[in-house]
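Could you have a look at this structure, given as structure tokens, before my questions?
Going in written order, the chains are labelled A, B, C and D, and every chain counts its residues from 1.
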Amino acid sequence: MSAPAVRREIPYRYRLMGTKCLNCGALFHPPQRICPKCGSKDLVEEELAWRGRLVAYTVIRRPPKGYEDYKPYIVGLIELKDGKLILAQIVDCDIEEVRPGLKLEATFRRIREDGKSGIIEYGYKFRPVIEWNWQKKPNPEK
Amino acid sequence: MSAPAVRREIPYRYRLMGTKCLNCGALFHPPQRICPKCGSKDLVEEELAWRGRLVAYTVIRRPPKGYEDYKPYIVGLIELKDGKLILAQIVDCDIEEVRPGLKLEATFRRIREDGKSGIIEYGYKFRPVIEWNWQKKPNPEK
Amino acid sequence: MSSKVAIVGVGCTKVGEHWDKSLRQLFLEASLKALEEADVDRVDAIYVGNMASATINFQQHLGALMADVMGMRGVDAVRVEAADASGSAAVHQAYMAIKSGQAQTVLVGGVEKLTDARPADVEYAAMMSERSEYVVYSGITIAGLNAIQTQLYMDRFNARYEDIVNFAVNDHRNAAGNPYAQFPFPITVERVLESPPVADPIRLFDTTAPADGAAALVLCPLETAKKLCDTPVVIEASVLATDGVNPYERDDVLTLTSTRVAAERAYRTAGITPRDVDVVEVHNTSSIMGVLALEDLGFVEKGQGWRFVAEGQIALNADLPTNTLGGLKARGHPWGATGVYQLVELTWQLRGEAGGNQVDGAEIGLAQSVGGLGATTVVHILRRWH
Amino acid sequence: MSSKVAIVGVGCTKVGEHWDKSLRQLFLEASLKALEEADVDRVDAIYVGNMASATINFQQHLGALMADVMGMRGVDAVRVEAADASGSAAVHQAYMAIKSGQAQTVLVGGVEKLTDARPADVEYAAMMSERSEYVVYSGITIAGLNAIQTQLYMDRFNARYEDIVNFAVNDHRNAAGNPYAQFPFPITVERVLESPPVADPIRLFDTTAPADGAAALVLCPLETAKKLCDTPVVIEASVLATDGVNPYERDDVLTLTSTRVAAERAYRTAGITPRDVDVVEVHNTSSIMGVLALEDLGFVEKGQGWRFVAEGQIALNADLPTNTLGGLKARGHPWGATGVYQLVELTWQLRGEAGGNQVDGAEIGLAQSVGGLGATTVVHILRRWH
């Protein structure tokens, strides 16, 4: 992508902004200005939930141009806590450990580098949520 | 262009091969298999004349991608001795010296380099014909 | 203005790696065959279906370019693009050009030339059917999107991958009898499962390979067709419908709504039901897409497609002969040409010219052509004319 | 099936550098205006005219994408491409879709988003209208091809460059009154001649600049149009013709045969002669193309166009008001959108809504839209309905 195109999409990629239909409640990401479900033009920007669970996934072994250096990598379909389905790379997780149901949270990472323009694109990927076990947490006061 | 595409066009670019309509005599470069002038399918490959004269030219000062390193450069419309019009870069000739009517001959040169694929493309350009003055030619026997 | 539109000539090149042929030579070869069959020298309009020539071949303006190549300067000519449904979308426009009375004879050619590029460039070009800034950006491929569909389908309907891939096995069995097929040899379920993983669970032998190819049709009003040839094939319906581009923002990830909408409208226009269809071509970029197509075209209930396929009901001699000359998997999938190949092959079936792959008594054929993951579907229903 | 097709709504964005708007937002903005004017919520089909989204925006499948963006999933939608005549070619398909009876209401939008790319990438993308392996390969640009035409024209007809560039000056004068124009200010012949050379003899102020923009029309049968609005504009003719792609392999380098063929057919269909035309839009990538267009459309004899222009006969208040809202030079040239902008502007003129640029009593308008150097021409003739 070009520099202006990258800049234009920042809110939607860095802050997970989507739009919500005020008539039927549907969420859209990328943002829609007209609701394709009910036809309403009454939509507002809304930040999606940053956490969710993995519904299904695949491991990309033959990537498209721009992604060759990352292979093999996991791409998952994630159901966010607000019910929205989103497609994203799953990182900080071995291929052997990934499984449907895994709890995930959004994180911001390097997506790809355009060798020609020198632009480095950043955006959302998802990583497993680390559940702290508060019982076992080391207590520095003790 | 990709490697197979470059290889495919070699005869037409390195040997100035075109096609000639056996019905109406029209010449085509790039080669046509059906004559767009008379509809005949009776065409044969024919090598174009290597010499001709400059009909009109321009100096490209804002080049497309792949040609930036060569600017400014001259592109001319050339009428070959067989009557065919062809468009090509004019080389070995200063911008100040180029003029319609100039006698030209085909020469084979580097056209452009594809940074991504590493392919270097070669093909025809045209240069001024140097007219030897035989009278004045130094005689090594003397 | 014409009541019906007929196919009076068809032609195609072999699908495969044509190192020695350019985009324009492929188009010329297929088109000359179609024109010769129709015994037509010049047409009023040319429609070119192509997806990726700008990206792979650095060439646009294919309407004018192909008119020039065909020796038909002057005629009306444009390119139509709807991702890998470009070919069938071009036929749809040609159909309307004749229906409108603006053209009497039309040449439609689908052409794609992918083997000029590296595989990663082809994957990249393919993904331009999806939303560039979001879906493409995740690094997923078409096979990857099909993989997630496959996983969801397996979970919801208790299907196994080894059952689903019978779709690919059927394609290969049929391609063995097709001299124009990219992979004209049979394979087994085991061979699919042993092939390298591309996008888990999808294996290499359950995907399409980069291919070059061109296919062409000559269309005219039925009244003219009856004079031109003994076996005109009538286009009873030509319908294009769209859906949300992102498959995960549709009502159901496992329903191709565009296929349902286009098929329902096409059945109504043709005055038939799915039971009347004798031979079918569907758009299977992987087996899962073939299974979903059979369901959403109304041939089998949602969730039962995998069983229908595994039980062999799509074989040449069975209930619903499907992809009878190899389909996307084995005839091959030169994107913008594929939708036209489907109609060339159905025409052969309806004329009784499909050789060893002939479906006995085929009278009505249906082709489903898809752009991307179902954002576009074009359905054509053809009928042999008596 | 309808006898006549009418325009019932038009809309466009400003032409220029829309850093903050994507391809889909531009399309949405223009289309919503057109739909609101027509008082229509949903259409049967969407046609998208676009040249370079694959090259510049890494996005294809614009038919389905824009249907989705417009909240109209399900409708028939494709992209039509004919280089920088893509917009008018899309209108031509939409016209036939209505004529054929397959659609009752159609949205056509032309859209282009070029400022996302570097200038050299834009030049490269533009050249994809020409033959990739030969003309492009010489390193020439569109301005360069226009430069050679200019040189040949000057030689043959004893014209001077300073006479020819009056075409650009006229465009700028008209654009000054158009809030949607890219360059809404007047210029002089001197300013053109003093601007930097781009491709000798052509100067920067005689060329178009990379631009973003979208324009849209809503079409329906005239019978419906009469109910929907007070001032329907009728499409009396919609004709597309092609020519050899390489301008140096045509019978005459200085004749746009596709324009001649399309115009002759259009005049015949509309039952008019060039004398009946009140207002004209032509495709001037440089002044020379505008001059050739006036000649080949039959408004002035071959070789006399430069004089006609230099004498001011194309001014708003003169014989043949041309490019009344700025033309390609000054309204701007967002390739695939340009052909639709022309028709939006003619509609304003025929409805009497062109403000300070209104041509008194304009009843008949003609638009000439060109792909590349004339390999494609689309001619539309519009008439105000009474």
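Structural remarks
Here is the rule we go by: a contact is a pair of C-beta atoms (placed from the backbone, for glycine too) under 8 Å apart; a residue touches a chain by one contact, two chains touch by 3 or more.
The structure displayed is predicted, hence computed values, not measured ones.
C-beta contact counts were set side by side for B-C and B-D; B-D has more.
Among the other chains, B has the CA centre that is most remote from the centre of chain C. Computed centre separation for the pair chain A/chain D is 41 angstrom, with centres defined by C-alpha atoms. Per-chain Cα centroids separate chain B from chain D by 33 Å.
A straight line joining the Cα centres of chain A and chain B is 53 Å long. In chain D, the residues that touch at least two other chains are 22, 57-58, 68, 72-73, 118, 131-133, 136, 244. Shown for chain A are the residues that touch two or more other chains, namely 1, 5, 9, 36. By the touch criterion given at the top, residues 1, 5, 9, 12-13, 28-30, 36-37, 55-68, 70, 73, 75, 77, 85-89, 100, 111-112, 121, 123 of chain B touch chain D in their complex. Contacts from chain C toward chain D in the complex involve residues 1, 22, 51-52, 54-55, 57-65, 67-68, 72-83, 89, 92-93, 96-97, 99-102, 125, 128-133, 136, 239-245, 257-258, 261, 371-372, 375-376. Chain D meets chain A in the complex at residues 19-22, 25, 28, 41-42, 56-58, 68-73, 115-118. Those residues of chain B that touch chain C in the complex are listed here as 1-2, 4-5, 7-9, 32-36, 39, 41, 117.
Those residues of chain D whose C-beta lies close enough to touch chain B in the complex are 118-121, 123-124, 126-127, 131-141, 143-144, 147-148, 151-152, 155, 196-202, 244, 246, 248-249, 251, 253.
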